[in-house]
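Sharing a structure below in structure tokens format, with a few things to ask.
For clarity, chains are labelled A, B, C and D in written order, and residue numbers in each chain start from 1.
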Amino acid sequence: MQNLLDEAIRYALPYVLEGKPASYIPELGKVDPKQLGVAIVSMEGNHWGSGACNSNFTMQSISKVAALMLAVMDRGEQYVFSKVGMEPTGDPFNSIIKLETMKTAKPLNPMINAGAIAVDSLILGEHVEEKLNRLIGFVRRLCHNEKIWFNQEVYQSENATGYRNRALANFMKDAAIIEGEVEAVLELYFKQCSIELNAMDIAMMGAVLAGDGTSPITGEVIIPKSIARLVKTFMVTCGMYDASGEFAVRVGLPAKSGVGGGILATVPGKMGIGVFGPALDSKGNSAGGIKVLEYISRKLDLSIF
Amino acid sequence: MQNLLDEAIRYALPYVLEGKPASYIPELGKVDPKQLGVAIVSMEGNHWGSGACNSNFTMQSISKVAALMLAVMDRGEQYVFSKVGMEPTGDPFNSIIKLETMKTAKPLNPMINAGAIAVDSLILGEHVEEKLNRLIGFVRRLCHNEKIWFNQEVYQSENATGYRNRALANFMKDAAIIEGEVEAVLELYFKQCSIELNAMDIAMMGAVLAGDGTSPITGEVIIPKSIARLVKTFMVTCGMYDASGEFAVRVGLPAKSGVGGGILATVPGKMGIGVFGPALDSKGNSAGGIKVLEYISRKLDLSIF
Amino acid sequence: MQNLLDEAIRYALPYVLEGKPASYIPELGKVDPKQLGVAIVSMEGNHWGSGACNSNFTMQSISKVAALMLAVMDRGEQYVFSKVGMEPTGDPFNSIIKLETMKTAKPLNPMINAGAIAVDSLILGEHVEEKLNRLIGFVRRLCHNEKIWFNQEVYQSENATGYRNRALANFMKDAAIIEGEVEAVLELYFKQCSIELNAMDIAMMGAVLAGDGTSPITGEVIIPKSIARLVKTFMVTCGMYDASGEFAVRVGLPAKSGVGGGILATVPGKMGIGVFGPALDSKGNSAGGIKVLEYISRKLDLSIF
Amino acid sequence: MQNLLDEAIRYALPYVLEGKPASYIPELGKVDPKQLGVAIVSMEGNHWGSGACNSNFTMQSISKVAALMLAVMDRGEQYVFSKVGMEPTGDPFNSIIKLETMKTAKPLNPMINAGAIAVDSLILGEHVEEKLNRLIGFVRRLCHNEKIWFNQEVYQSENATGYRNRALANFMKDAAIIEGEVEAVLELYFKQCSIELNAMDIAMMGAVLAGDGTSPITGEVIIPKSIARLVKTFMVTCGMYDASGEFAVRVGLPAKSGVGGGILATVPGKMGIGVFGPALDSKGNSAGGIKVLEYISRKLDLSIF
């Protein structure tokens, strides 16, 4: 397995040059774009890593997976999906059109920004701090890492430039999709996107999903099986922005990417995979990271289809 | 003329029952919906009124006409129209779709909300207060009424519920269409919408436009002729929300309505007409007010076409 | 007046180089793009011409004005506008989006392709030939020219490549907006677009509209006044494709352009103007023709606003 | 297994009353809406059936799966996906909007009507008849049934009322997405939709897909493994119209429905499932058929996620 990971990094490294770091969040643009790393945690609790697998990055959209699971545990599947849909969309992640053209302003799914913001408004807690603490606590349990926290500089950068997300949130508030104060929901959303961890943490999170919610280390049930399956489904149909369809064809695994350069992937019943490569392609996915996953999936014949 | 106005009110009054006051700004919903008034100021400076022609109401979208003229005087036609387009649109006044589907997020014209907010960001002034004072001063000159001010309750109501306008403004800020702080521009926009006056004031403003910018009372040139013509053009092509086309067919006059129930109309070379009737039709135009204008235009054969 | 027209052509000629003939209808691409001509017919029946004012070209979208008048005379305003709307649109002339996003597939106005095709389906006649003969007969009366006929080569070229118009027509047939056979309506539409005439013919047609439907030569009432006004309104709000707003600001006259290079303009109570210049700008309007009209409107202060 | 199928039919039968047969193709509206049947073919070649598993119905959109496989075998994956995308969409199956708003008119995926028509234009053959014979021959091999043919009445009904599909095809022809004659492609598409078979045939087709392209009966490789996986991916992300996301959550199997009432489902490595129930829900999927699949998937724990 260690050899495979080393090969995957070697194979994928040239593709890093075709991408570039996210520029619309200034703080993200400061990262070294040539990094590439991968980590795997198996169902037996073994782990391997190669390349920049211990470098920190911010979760960005990968946090949507955790937030969705917490919201469904907090409020129930039925209530959550009365506020957000289940359907994939060919529109970009930050599109606002469908909110206006659909009969209701209900966002199409919880993996696009609009949907994730709506989901955040459902997480229980008296105030932003409590909600955030609950969410970070949940991410720590998923990653088996009590040191995880959010990056203050990235948060401030997101908050200062997050006009498009403010537009989405205000549009949904107008349509009564969002509960509570718009700015409070956005604070939670921007802080959650700024949660910092590494590829090994992500691989552990993927292993928990691979085990239908049960920790491969402690045997603890962290998430109910039905919710673990639910999020894996969304990861397949809309986890890779508007390249989800092509990724499903080429790789065939439930995965969620973030513009911080991370990708969370999970092989049901087998393993979790975490990837980090901050150079992004035109769809916002890690350019090298996708190639790492293509290589591993092909070599180990991991496609679920 | 007095008889004609009385007849017009009598003719139009039943249509008031088909409309209802704007509900999305709570403060506007408190008004008596059965009011209907009209006023005319001729090029010779004569004036007539009938019905609720002295009742106060807030300008709402009628203020877009004044703001556009001031912005063009402040920054020049070329600069203003690098930020906002000149084309009518079949979309509702608060639509956000075109901002995303057009090649740039430039709003289509200065009479829809997005365009008016963009125009507001161009008005000169150190801070919101100065911009607002300049704009109110300009409205006072247009109306020949030094007592005009904005309604604090309506402003607060608009500010508290203006999520859709916040969505539009943040979307445009993201696309670099809006200059300065989003919240500062919105404060100016909400306060300008809350400027309070009556149908007689509006008729005077219409008379200034009828005279291509020159006061029929003092002979003062308040606006350059080219700018007066410019706004009259926008009033024809997009002054009555997405009922502008039908209004042009039925009435044939440059006009601008507001959800406060007012309509500003102007008959080039002849007169200004102000109407007030807070019961709105489904497009957001004064239900009775449109009928008043239809009656007067037909009787006096005023269509410019 | 003759001097003015000569000057207008001299002023506008350089702008011809910025445009190019319509390429999507192959036959139209064969024309000499450097031609530019203008003609005027006054309310007294006098006429002047300059440049290529006797060159033949096909009406293309200018024919929509004639077809609309005939359909309204045939079926009544109320019925026609139950099938097509009255509102301008910021979308391109061949856009299909609004047909799907609006509550009904009713096209927004009779000047876009979808609306014009819907209008054509309303013209009376047993079969295509009779409808076409009635329409050409009507155009002959408007132009006072009994020799007008359609160009067979252009018709065949339009028919062979008119996939977008076929898409619009079939979409509307599906939504029950179009009456009768799709291909029959399209045959009428393509033949009507291919009606051939010159700038002097167009100027005469404009003069009839300027006189609210009465011939300046014979005094005959060719169209009822209400219908003449109706089409002039549409010419202002949506006669110049998605540059109608800017044209209203710069020229201020009811006008309708066609991709054959013609522009029909009318000055209410004063004159008709016909322009021909086949080099088109990016919106599909005659590049030189618009400049000719700008020059004449400014010099004679003709804006209706 | 036989008991399970009988139970599934009993469980799902009441839901039949919530749906109704497709009405926009008149011929389809004549079917008895209370029918419901299911069939399973295992990897060992065993088969079971319950309810109306031998009733004939037309494939409709299920044929898109076969046509896609044939086109990819004929022209290669790379060429096919230069004409059609790989991304799911939240729009209805017959939507035309995306063709205009995307940078190219390339349809988003091969499972929506626009994409399927584009795919049909790629199938090899001198003329429609040869293409159709090749496609029906391929369906016969997939279903192991040499008697399969298309239903002439349904074909004529589709052809006579297929205005929306004509709109899609002409729009794509205009954008050079479709090769060859529009009407020829539509003839192939309408005839392919009218291919008639039963739930047992469909189950056999699903078993071939479950075996990655190899017949569970003869061991013959009917489709290359890579292409079998490719279509299973599309069946997950966009096989159930704009309810694909919810179906993935509730059932978790690659599936493709048709408005004839059929659903093709496949359990990778395990079995093929064919369902027939002509009463459709609001999204166009078999109302009872979805419930049958929900029941079986839950009882046998078949979700791939």
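Here is the rule we go by: a residue touches a chain if its C-beta (ideal position, glycine included) is under 8 Å from a C-beta of that chain, and two chains touch if they have at least 3 such contacts.
Quick caveat: nothing in here was measured; it's all calculated off a predicted structure.
> By the touch criterion stated at the start, how many steps lie between subunit B and subunit D on the shortest route?
Minimal hop count between subunit B and subunit D: 2.
> Tell me, which chains sit next to both subunit A and subunit D?
Under the touch definition, subunit A and subunit D have no mutual neighbours whatsoever.
> Please identify the chain with the largest separation between its CA centroid and the CA centroid of subunit A.
C
> Could you grab the centroid distance between subunit B and subunit C? Build each centroid from C-alpha atoms only and quote it in angstrom.
Centre separation, subunit B to subunit C: 32 Å.
> Could you grab the centroid distance between subunit C and subunit D? Build each centroid from C-alpha atoms only and quote it in angstrom.
Using C-alpha averages as centres, the distance is 46 Å.
> Just how far, in Å, is the C-alpha centre of subunit C from the one of subunit A?
54
> Return the residues of subunit C touching two or more other chains; collapse runs of consecutive numbers into ranges.
101
> Under the definition above, what is the set of subunit D residues touching subunit A in their complex?
Residues 85-91, 98, 102, 108-109, 229-230, 232-234, 236-238, 242-246, 248-249, 252, 254, 268, 303-305 of subunit D touch subunit A in their complex.
> Where on subunit D is subunit C touching in the complex?
95-97, 99-101, 163-164, 166-171, 173-174, 182
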